[in-house]
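Let me begin by presenting the structure, written as structure tokens, before commenting on it.
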Amino acid sequence: MTVEVLLWCVAALLVTGVAAVVLARRRSATVLVYGATLPASVIALAVAGAALLAPALLEGAPLILPLGLPWLGAHFRLDALAAFFLVVVNLGAAAASLYGLGYGRHEEAPARVLPFFPAFLAGMNLVVLADDAFTFLFAWEFMSLSSWALVMAHHRRAGNAAAGYIYLLMASFGTLALILAFGLLSGPVGGYAFAEIRSAAPSAWMSAAILALALLGAGSKAGIVPLHVWLPLAHPAAPSHVSALMSGVMTKVAVYGFVRVAFDLLGTPLWWWGAAVALIGGITAVMGVLHALMEHDLKRLLAYHTVENIGIIFIGLGLALAFEANEMPAAAALALTAALFHVFNHSLFKSLLFFGAGAVLTATGERDMERLGGLIHRMPKTAFFFLVGSAAISALPPFNGFVSEWLTFQAILLSPALPQWLLKFLVPAVGALLALSAALAAACFVKAFGVTFLGRPRSAVARDAVETDRFSLASMALLATLCLLAGILPGYFIDALAPVTQGLAGAHLPEQRQLDWLTIVPVAQSRSSYNGLLVFLFIAASAGLGAAAIHRWASSALRRSPAWDCGFPDPNPATQYTAGSFSQPIRRVFGTVVFRAREEVHMPPPGDLRPAVLHVRLRDVLWDAFYAPLAGFVDYVAGILNQVQFLTIRAYLTLVFSALVLLLVVLAAWQ
Amino acid sequence: MAIAVDLGVQFLQMMLVLALAPLLTGYVRRVKAHLVRRQGPPLLQPYRDLLRLLRKEVVLAESASWLFRVAPYLVFAATWVAAALVPTFATGLLFSYAADVIAIVALLGSARFMLALAGLDVGTSFGGIGASREMMIASLAEPAMLMVVFTLSLMAGSTQLSFIAASMQAPEVGLRVSLALALVALIMVAIAENGRIPVDNPATHLELTMVHEAMILEYSGRHLAVIELASYVKLLLYVSVIGCVFFPWGLAPSGEGAIAYLGGIAVYLLKLAAGGFALAVFETAIAKMRVFRYSDFLGAALMLGLLATLLLFVSRVT
Amino acid sequence: MIDAGAFAVASILAVPVAGAALLAALPDDRTAAWLNVLASLLTFAAALVLLVARPQPGPFLIVDDLNVVFILLSTFVGLSTSVFSRSYIGHELETGRLTPAYLRFYHAMYQMLMFGMNLALLSNNLGLMWVAVELATLTTVLMVGIYRTEAALEAAWKYFILGSVGIALALFGTILVYLAARAVVGEGLDAMAWSVLVQKAAGCDPALLNLAFLFLLLGYGTKVGLVPLHAWLPDAHAEGPTPISAVLSGLLLNVALFAILRFKSVMSANPDALAPGPLMVSLGLVSVVFASFMLYRRQDIKRLFAYSSIEHMGIITFAFGMGGPLANFAGLLHMTLHSLTKSAIFFCVGHIAQAKGTQQIQEIRGLTVSHPVLGWGLVLGVVAIAGLPPLGLFMTEFLIVTTTFARQPVLAVILGLSLLVALGALLLRLNGLAFGEPQGRSEPSRASFIPVGAHFAIVLAAGVWLPPALVAWFQYVARLLS
Amino acid sequence: MERLALDVAHLCAGGLVLVSFMLLYQDRMSGLIKTFALHALVVSFSVAWQAYIQQAPHLYITAAIALGVKALVIPIALHRMVVRLGIHRSIEPVVSIGQTMLGGIGLVALSVMVMLPVTAQAGTLAREDLAFALSVILLGLLMMISRRNAVSQVIGFMSIENGLILAATGAKGMPLVVEISVAFSILVALIVIGVFLFRIRERFETVDVHLLHEHRGERP
């Protein structure tokens, strides 16, 4: 029943996409399309949410449609895991559709966006619903393809075509890896249904290979280092609400793929998988945030932060694998809850932030922070919501980002119970990486918010910006509220995750709902507890009371005057700190290693009127290490082989002749 | 009834923290002055400063936004709440379950976040310098702090300061290499976070060297007062954390009557005095370092913290 | 009351011949184009009859489960190509690339080509099949050279020489088969009839069969365009008229591959003959790897897709070489869908080349802006040929790679990676062709989009849903082959 | 009688291989053409002989075609063209004649080796004749790739065809032999016409195929 409803929603989305092809030229197309996707995703969200809260609605047996592989059919099934990710997907989808109602009006090429947006949503829903290998991969690649089309929407802008190219290539690489993984899982006879795959028990080395392939496949879509290169190119290239979906939701679908394979289909893991995954996660987190710190393009900065958060999620997943391998279900449940809760949270605040970036983009036409500033005066609401998002993604209490990272830390602190020494030593190190990335993220968002919204406008467009439309604001408000709610009432969300972890790890966190004062206690009261509500009320109360008291009894006089600035203020906005100068200390500390950062100052001689220039050169070490050689190799081989195009007929005949003789010799030898 | 008492004790602690914070700062200043053979300001000078600032009008830069005016109160609130959650004279207070030590670190992070934003808000170069350097310091100090937290909570099997303190009192803890390392790391972090010498000089107004001062350069009047108070509270917080974790004696368990609490307060005052004196001595003994040496200093703290965590396992098996 | 099946077979062969004769005589090119369409339509209709009624296999002609698929396919593509060629040829006349005389010749040859291919598919006799394939080759040679440009003549000559050598090798293979069969079947026609051979293969002399397979593989493999016998293919595609490129890629390659399949089934019916699998797998894999790298340096848009045809023929040969019901099924399906897709792509490319007045990739930019339908058609085609969903080739490539990986991991990885390399090249070119600022001269093209639309519709439908009847049929054939 | 018949057939086959070697050995165009005429002559004789011993009269047609077209018409035509083009001296081998001959011997050995496992049941004279036919084909290919000159390539191809006809007629009772041989002769004729075509169009001074490659697509 529930599955049918969800599939009807998907069908509605697909129909909308097809209709959009016809309608696209009309003025009203934008409203029609987003007006259609909004209810569809809201219904899907409602159904999935209901199924998550009331497990009675989940269905054990898959629904089989006579599509896809003929003798197999397309299997669809809704279990707790799928329900949770459907909530994530459709929440993002609903928000994006709401945002699109307003944002879409500024779209310069609606005909290239409207048809693919619903298709993209449908693809993501199908990936999560699929219950056999073929349908899964079909939907997976369909999702990539439709998002590629959206990335190519503004194909005339420099670099977007290249971004789309790298994106689709990496996506297909991921799909290939997954195809191979499922090839191993389903065996030569082709038992593609997930039920059959579960029943089959692959050997140790085989399952290790499968996990590696799944990590490659899902990881390349989720953007784990070093497979992340496409992400900061492709996500910003798309229209902002699509960027929000790609960053906030599609990467989560990739995480779903990994979870599905590693926890559900693959049976009991080996402990060192956990070590590997967690370590990769930690490295990904730090690399992502460091890249983000060096970025001055607002949307690319956000995209790099997606890489960071994916790293955090994979840390949780790795821990869960390690705990599960050592038969510690409770701990595994904790780690898994942390990871999944972070999935949810990140989908919230990343969408929120991209919406904010989109609003800035429409208001100013600028993505380069160095040309923004002072927007808090012109777009106060957007600024406020963006601030909430920044605080949430920087894992600051009382917002939701902190709760999931706190849970991750709690899971890390359970590591001493692990028997393997490697894990004992590795996990705290990973914890250090996590802490480092959290702190750097805070720095990064001080920069992002401060340079974009605070200070004085650095360009005319920033000075004349106007507040964005009400649909965009509504959708941002929705997400901001959710960020706060998930931060101060985490108990309810954690309880909602219980059936998921129960299904995957065989255990779930203790019931949080009826604990007094809505405290969350992952393991035991004596071990750790956190109460977002109280913290929030404390801060609100003490800040409010303090302010009230001071205004009441002390002075409340206020006078506006020019900034003091140690006595020599300069009206020129260029004297402010820029994004580059803000991140300079951190670049000095980390950049020399990670980016081979080189700074050179061209100081003109005294009396020369030319301004002094500071050049900063950063290099993407990973690109130089992995991708450039690969491209070089392909080009080299192509060059070598290409000579065959220019031989004489006689030479071609020689080829034929030698092939014949060779085969004859083989035959003679074989007999 | 019991709730009421607990509430009362909790409230008492919060007020105590608030009341003692300026005193501690004043005490440190005075000791420092004495150490360099100066008269030094009277002990209660910080209170006077605060009151004077509170009475003055606020001079607000034209380019300042609403955030600039809200930030001080939020910074103060976050810091105060964090401080209220640290066991000072008694463990297991009512709200100590609301947040563990990780949350406390994060709350300080929130305060820093707001402060750095405020530094950028007016759009002056000095505010930028302050914010950027502060975040750079924090980006190393916070992980170091968390490593220390790891060490302690792995040892105590809990991230609740009350429980950590309690388990530290247990006899089997004894002296540990990792504890020593953690203590050193924590002290280094505390120095950095409170902007003390050698990382930052609270007394300086030489623009290019200041960090914390640069961020709050544009503040005046009540805003400045609130921010100053917040920084006093922060210093007090770190001293109390060190006190209650590494010198956990004399902490009154919850629900022990007034006498025990009074005893706890007395011991707590002693700890503060000792900590303040040590800080003053340290600050007079050492010179401030260049800005770009910070990373080495804090990196060392981070490594110490990590080392402490890892050594923990070694010392466990031995 | 005559047997409907026999009548259908007769008309499948007779209509093209009659059409050729008529078209050779008919001076007016407009009506000629229509007549061409009509003849193809009749052939297709006759082929449809075979679905319901089949004649008894005779010594020369046969209709069995295997070739019905291909007959339907080739007559259908022949029909749509003739529709396309109507709108294509008109433009060629205007620009004066073709004179009416040559045009008459072109139409006659077109029908002769259809005749040759249908005969090859229908023939039950090795010798007859050989003659038919040779006929088809000769006609295509003449049509490749029809523009009389130096490049076209050179391509035709190359095709001619290499093709003839291939034919010679195939003939020798045919003779060997006869010799092998004669011992068991006895002299006469039966010894060359597929239907008999398959049953009696077990008794044949394995050594002779091996040798024969070797020669047939190389001989017909030249027509299939397997590396290293492929040299004629890219130039023939690039220099000839686009409808012929479409037919070449869509049909002639299939016909040659069909011949190899026929003989593979004979081979695998003999226990102690050498297994045909490894040979086909290695040839196919070499073709895939080679072609996917060759895609990178292409400057001529038609040559680009010609190389992609080599790649896909390699994939199909690989799949049949791997054998097994799944792989064979995938191979058959891939064959069908590839002909549809590739011919549709060539339809688009033909119109594009006419609209832009060039085949040079560098001179074509931003088609989705300047010619939305053609541009998006090309995008769809490349997406399909690259094996991305929701189009059908994704399913077949999925099946081939997964089934192979479970049996021969290394081969599957090589195959998958070279598919990726090919995808990279195709997308790289597509970026330039379809996106970015349009440039160069661009006149509105009076293209007929029916053929393109029809083909893509089928491929898309196949990607999502295959009719059970077709599936059962393919599965049955797949079991025949393994 | 039976014995003798086989021996004669065998002798023809062997002789054909010999003539193929002579073709390889030629270093002058005119000599080459003459030798090819001999090649065709031997083939037509062996076909006729097969027709006689198999009592297969239709084979006489094949023999006649071989004799008429390949032993007379084509050589004469080629000769005249060569003379007119004044290339009757040059043979333009790629590798030296000697090495070519060595390769040829290797090929003969190979074809014999390949044929060895064929059991005798395949037919009384199948094995040896097939070995010879195969060697003729391979030698023809070798000739095609070891000569630069179009005429000699054509001749190489035609010698391949002769080998095929030898094999086809050797296969007793093979149907469609005549049709096939006719079809093949058409092919050959077309090739020759093609060669003529290129000359008549006066695009190339000589019929050296090499020149064609100036016009290959995508010259970098």
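Order of writing sets the chain letters: A, B, C and D. Residues in each chain are counted from 1.
One rule holds in what follows: contacts are C-beta pairs under 8 Å (C-beta built on N, C-alpha and C of every residue); 3 or more make two chains touch, one makes a residue touch a chain.
On a predicted model such as this, the values are computed, not experimentally measured, just so you know.
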| item | value |
| --- | --- |
| Pair of chains joined by more contacts [C-beta pairs], A-B or A-C | A-B |
| Chain whose average C-alpha position is farthest from subunit B's own | D |
| Whole-Å gap between the CA centroids of subunit B and subunit D | 100 |
| Centre-to-centre distance between subunit C and subunit A (centres being mean Cα positions), rounded to whole Å | 44 |
| Geometric centre distance via CA averages, subunit B-subunit A, whole Å | 35 |
| Centre-of-Cα separation between subunit C and subunit B, whole angstrom | 78 |
| Multi-chain contact residues (two or more partners), subunit A | 645, 649, 653, 656, 660, 664, 667, 671 |
| Numbers and ranges of subunit C residues touching at least 2 other chains | 157-158, 161, 165, 169, 207, 211, 234, 297 |
| Sequence positions of subunit D contacting 2 or more other chains | 114, 117, 141, 144, 153, 209, 212-213, 216, 218 |
| All touching chain pairs, where touch follows the definition stated at the start | A-B, A-C, A-D, C-D |
| Residues of subunit A defined as touching subunit D within the complex | 645-646, 648-650, 653-654, 656-657, 660-661, 664-665, 667-668, 671 |
| Contact set on subunit D toward subunit C in their complex | 114-115, 117-119, 121-123, 126, 130, 133-134, 137, 141, 144, 153, 157, 160-161, 163-164, 167-168, 171-176, 179-180, 183-184, 187, 190-191, 194, 198, 203, 209, 212-218 |
| Subunit A-touching residues of subunit B, taken from the complex the two chains share | 54-67, 73-74, 76-78, 80-81, 84, 95, 97-100, 102-103, 106-107, 109-110, 112-113, 116-117, 120-129, 131-133, 135-136, 138-143, 146-147, 150, 153-154, 157-160, 163, 207, 217-218, 221-222, 225-226, 291-292, 295, 302, 305-306, 309-310, 312-313, 316 |
| In the complex, subunit A residues that touch subunit B | 373-374, 376-377, 380, 387, 391, 394-397, 402, 406, 409-410, 412-413, 416, 421, 424-425, 428-429, 431-432, 435-436, 438-440, 442-443, 445-447, 449-451, 454-456, 517, 519, 525-531, 534-535, 538-540, 542-544, 546-547, 550, 554-566, 569-570, 573, 575-577, 581-586, 588-589 |
| Complex interface listing, subunit A residues touching subunit C | 66-71, 133-134, 137-139, 141-142, 145, 152, 155-156, 161-162, 164-165, 168-169, 172-173, 176, 179-180, 182-184, 186-190, 192, 634-635, 637-639, 641-642, 644-645, 647, 649, 652-653, 655-656, 658-660, 663-664, 667, 670-671 |
